[in-house]
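Order as written gives the chain letters A, B, C and D; numbering starts at 1 within each chain.
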Amino acid sequence: MILLNYIASFFLIVLGLYCIVVKYNLVKTVIGLSIMDYGVNLLIITIGFNPGGTAPIFTWGELHPESFFVDPIPQALTLTSIVIGACVTAMSLALVMKLEEQYNTIDTREIRRLRG
Amino acid sequence: MILEAVKYLAYVLIFPGFLFCFLTGLLLSGIDRKLVARMQKRVGPPILQPFYDFFKLCGKETIIPAAANRTVFLMAPLVGLAGLVVLQLFIPVFSFTAFSSVADVIVILYLLLIPALSIMIGGGATGSPYAGVGLSREMVTVLSCELPLVLVLLAVCKKVGAATGTGLCFSLTEIVRYQMANGSLLGKLSMIPAAVAFLMVIPGETGSHPFDAAEAETEICEGMLAEYSGAPLGVYKLSHSVKILSMTSLFVMLFLGGIGGGIQNLVLALGLAGGAAGALTILLDVIVLFLLCVILTAVAISFVHAVTARLKIEQIFKYYWTVVSALALVSLVLAWYGL
Amino acid sequence: MFKKLIEESTGKSPWLFHINAGSCNGCDIELVSVLTPRYDAERLGFKLAGSPRHADIVVVTGPITAQSLPRVLRSIEQVPEPRCIVTMGSCPQSGNVFRGSYSICGPLSKYVHVDVDVAGCTPKPEAVIDGLALATQILQEKRRAMK
Amino acid sequence: MNMLSLQHFPIYSIMVLFLGAFLIVIFGQNKVFRHTVALLATFASFFFMAMLFKPVMLEGQTIAYWLGNRVPAGGYAIGIALEVDALSLFFGLLVSCVVFVACIYSIQYMSHDDNVPQYYTLFLMLAGGVMGLVLSGDLFNMFIMVEILTFAAVALTAFRNTANGALEAAFKYLVVGCIGSTCILAGTIVLYAQVHTLNLAQMSALIPGNLSSATKLAFALLFIGFCTKAFLVPFHPLAADAHGAAPASISVLISGVLTKSGIYGLIRLSYFLFQSMALGTMQFWLVFLGSVSMFVCVTMALAQHDFKRLLAFHSISQIGYVLASVGLCTAFGISAGLYHAMNHTLFKGLLFLAAGAVLHETGTTDLGKLGGLSKKMPHTTVLFLVGAFSISGIPPFNGFASKWMIYQATYQRAVETGNIGFLLVTICALVTSTLTLASFVKVTQSVFFGQLPKEYENVKEVPFGMRLAMGILAAMCLVTGLLPNMVTRYLTEPAARAVFSVVDYINNMMGSGYAQSAMAAQPLNPDVSFASAGVWSPVSWLCLLMIALLAVTIVAIAGKYDRVSIKTPENRSGKYDLFYGGEETVYSQVGGDDLFWGFKHNWRHYFSFMHELHSGVVNDYALWAVVALALAIVYALIVL
């Protein structure tokens, strides 16, 4: 089960990279970025997950050495990472819109005024 | 304290500074012109001709073009000359060094750029298109000479460093001292290609034939000097002559420093002592240095001048980065493996 | 002393600037021949300068065509003082065979003060050297007259 | 705890920037308020950093600050930490100082733009991000700060979105920057899975002894992540695009500050977290990457025709110097590298500001369209020349002092190890330096010298505020160049020493004795000597030059050197015009990108190849990133 998660996250990251490298459509590039991001999020969650652990929510005094719970830090990290991912998507989509206005295309092969 | 100050001032102003550079530099370029003339079966100008040229230019009117920036136009030649004079202070005269702990070989490499920069900035500030073309060519010439020069200097540093056991030796004074004790570097097999490469660099650095594309008077009206007249032009011509002195004396100190040891032995053999011995050593040093500079000028500048025609700028670049650099590289590799 | 040095030197290092004002190229070649090993004017300090800013003596050849006139005058003007103007060959002095042509504005002396005229079509190198030497003396005198 | 104790200063210097950003969002419509807040925030940040100079640099303390005072318990660092050792402080000082100068410059530079409040918000966010990155003691916080600064940088690149290429540059930067950030995140989390901590000090203690395939993978990921932040080859096209399109005051930050954060990350990664620099292969990796960056980018710069783009390529070239020198793993090399990093920030800031001044007055940075501005903008010209001489390593400016140290360091390393590869680095560095000079001669000729085009007849000198900012940087260029001994003694040598005292760093954070008990491997501890073979004392040289110049000038004036014929209306007719072979003066500017055709002709195959390679298609750049990542992973798995 856990192994499947790792494979899936690896697959998502590679899929995202593939999408960025191969697709010439700006929107698809943005989608690729998001997919890559999800892959990493999945990876983080998987690392923090302990099979059979409880949710890491304890009140004062409830915590004792034999309590078995999933690692809370990666979950916190994931939240941050998701927020950042959302910002990136928003920002890049805004840029894509502006680019479309200026260049009248969303094909990366035609958006290359800066080169050489 | 005051005596010290006077001494250093004398170094800067008289020997090996300003006056020495002025006299020897112009004399060297006079000898160069005479030699070229003799090689072409001409009578040639008098040896003092560069002095006449210089003083005549001092007496001419200085026209500052309306498009030029007055301050830059007038100051650039002076800064270039001052830079060269200071450079000369760091090149020892065999056993005599004016300022040994200020600059090493790499600094000297960079100080050599200052005259070229001053002429580029002065010329560029006039706004003349000839100056623009000249500037482009001058920069490429500097670029061409840089690689072989770097390789030669690194080879010498490595060679001397390995021989003295310090591993590396960047100080020119140390290099000369080593040679005075152990014989000239030109006597070492591995240094011969480097010396030849350096000889080939001399005309390029001094901008003489056939590497004078930057100051080609027939095609681009002497390039960056096109708008200069009167005394500033004279100062540029003077800098050009002093650069011949700098490059040749640098060669002497890098590869023929062993001769200084001979001079010391000679003075010792004469049985003199104290101040007299010191004075005689310096006198002999200067005379020998001057003679060697004359010989090097004859070999590296006059002879090459007399037998070649001007190269195109891309040919200059190609020549230096292939033939000359390869020679220097051979030396560096040999020195690296301790030969 | 410095002034004397400069005056002395002015006579020993005259640099030439050569203007072709519609010449047939005969005088131009002859001027260059002056610098060849046979005549070697460099022994007197003569040198061909690339730019009028460097020159002391301006050598003008050719009959001053209408096209070249403003350019000749402008170039002469750009030579710093003291300067000497030498005409070489008969063309800039009289127009020679081109005299009376619609496109000739010569002689040069109509526009600027000419110091030395070297006549001939073309003048012999010896004559050119003689003329240049004369110009050099005039140059020296001009320098002396300057403050 | 006393609120004013030194302990708190690191967090203050980050917080004032973010607080300023926040305030400007709310009350930024008022012009005076906005400028006051921005200036105050940046100055306060610099002030707090400067206050730490004495304890950290001179007394060698490491200041640790735990947010919420959650100090480590039971050998585990739970809280979020800020750790300021000499290395962090070195970068912190540099960043805050340049940010302050850029802020002074912005006030008048941005006066014609709209949406200025947003500009200042993003500006302060960017500055805060970099400050947070270099002061952070926590790998995940480093990631957060990287994201903040990337985000702000992208937004600022696109700020003048009507300018040609700004949006395009921003998008490319966003895509590749995000790949880099994702790499950092993935690397962080993989490391976390191995050692179950995010604190830098604790990780430094735990990782070196427990290298596994996973940590090696993490190393490669983090390495590539920080490389994208430093824009090293193969990420250099992004830098060129972004610097070229962003406003000049932002280019200063991107080139002078953001790239430094990448270098800082690489140093922390390889010297602290993995302590792998003792390996010859690691040194080779860094030095090779640095050399390639310096050479490729300088040749790319030579072929550029846009002022700011050219500067952008140079900035990567100089970062190459820094990395090559830092990668030597000698104390002297690190000191030289950091010195150059500092100098790069100063002179590149100056150059970008000068480019911004030209853009501000003429509206273009195209080298082919400019010319002759030295008559109209004399101060800018002089300041630009100071920057140009500094970057090309002309004595006595600061670039020379640090480059000179880098040559010595690489050559010394070559002799010590007997490895001819380091010698090639020395040669490469020397030649690159001359090529740098060549391209700045090109800029000088094309922009400031030559002839003034008709349309710039009415160009004026830039306002005082902009000149002041440039003047500050120029003065610093000169001072740091003239006093190399002071700079190395008080700034770079403590920082270099900090790089080699990992154990102290760990103990300071985690409690003394922790490093000895937790570290499996012996830490890297070479002898820290700063001896060099060469001699260079710029002050003496400058004195000599001044004496010689004075002597020459006196002689010249005594000889009536500047005797100039008097200009009168009568003889105005052409005597003072330029010589055009007798023709009337016409506009003919020699300049532009093809100035050194004599050089380029010999390298034409190389240049056309490079031109094809830098295609401008974002997919290609992403592909380079992926390939670089793959290579880094393979190399790390093999050699580490």
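Everything that follows uses one rule, which is that a residue touches a chain if its C-beta (ideal position, glycine included) is under 8 Å from a C-beta of that chain, and two chains touch if they have at least 3 such contacts.
Just so it is clear, the structure is predicted and the values come from calculations on it, not from any experiment.
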Per-chain Cα centre nearest the global Cα centre, belonging to chain: D
Which pair wins on C-beta contacts, A-D or B-D? B-D
Give, as an integer number of Å, the spacing between the C-alpha centres of subunit D and subunit A. 30
Determine the centre-to-centre distance between subunit B and subunit C, using the mean Cα coordinates as centres, and give it in whole Å. 36
Give, as an integer number of Å, the spacing between the C-alpha centres of subunit D and subunit C. 59
Per-residue overlap in subunit C, given as positions that touch at least 2 other chains: 51, 53, 78, 80-81
When you check subunit B against every other chain, which residues touch at least two of them? 58, 61-63, 130, 221, 226-227, 230
Can you pull out the residues of subunit D that are in contact with at least two other chains? 559, 565, 575, 577, 579, 581
Would you please name all pairs of chains that touch? A-D, B-C, B-D, C-D
Per the touch rule above, subunit D residues touching subunit C in the complex are 559, 565, 571, 573-575, 577, 579, 581-584
Inside the complex, what are the residues of subunit C that reach subunit B? 5-10, 12-13, 37, 40, 42-45, 48-51, 53-54, 56, 78, 80-82, 143, 146
List of subunit D residues in touch with subunit A within their complex: 140, 144, 147, 151, 154-155, 158, 161, 164-165, 167-172, 174-175, 178-179, 181-182, 185-186, 189-190, 192-193, 196, 198, 240-241, 244-245, 303-304, 309, 610-611, 614-619, 622-623, 626
Subunit C to subunit D touching residues, read off their complex: 2, 19, 51-53, 68, 70-75, 77-78, 80-81
Touching residues of subunit B toward subunit C in the complex: what are they? 33, 37, 40-46, 49, 51-56, 58-63, 130, 216-218, 220-222, 225-230, 233
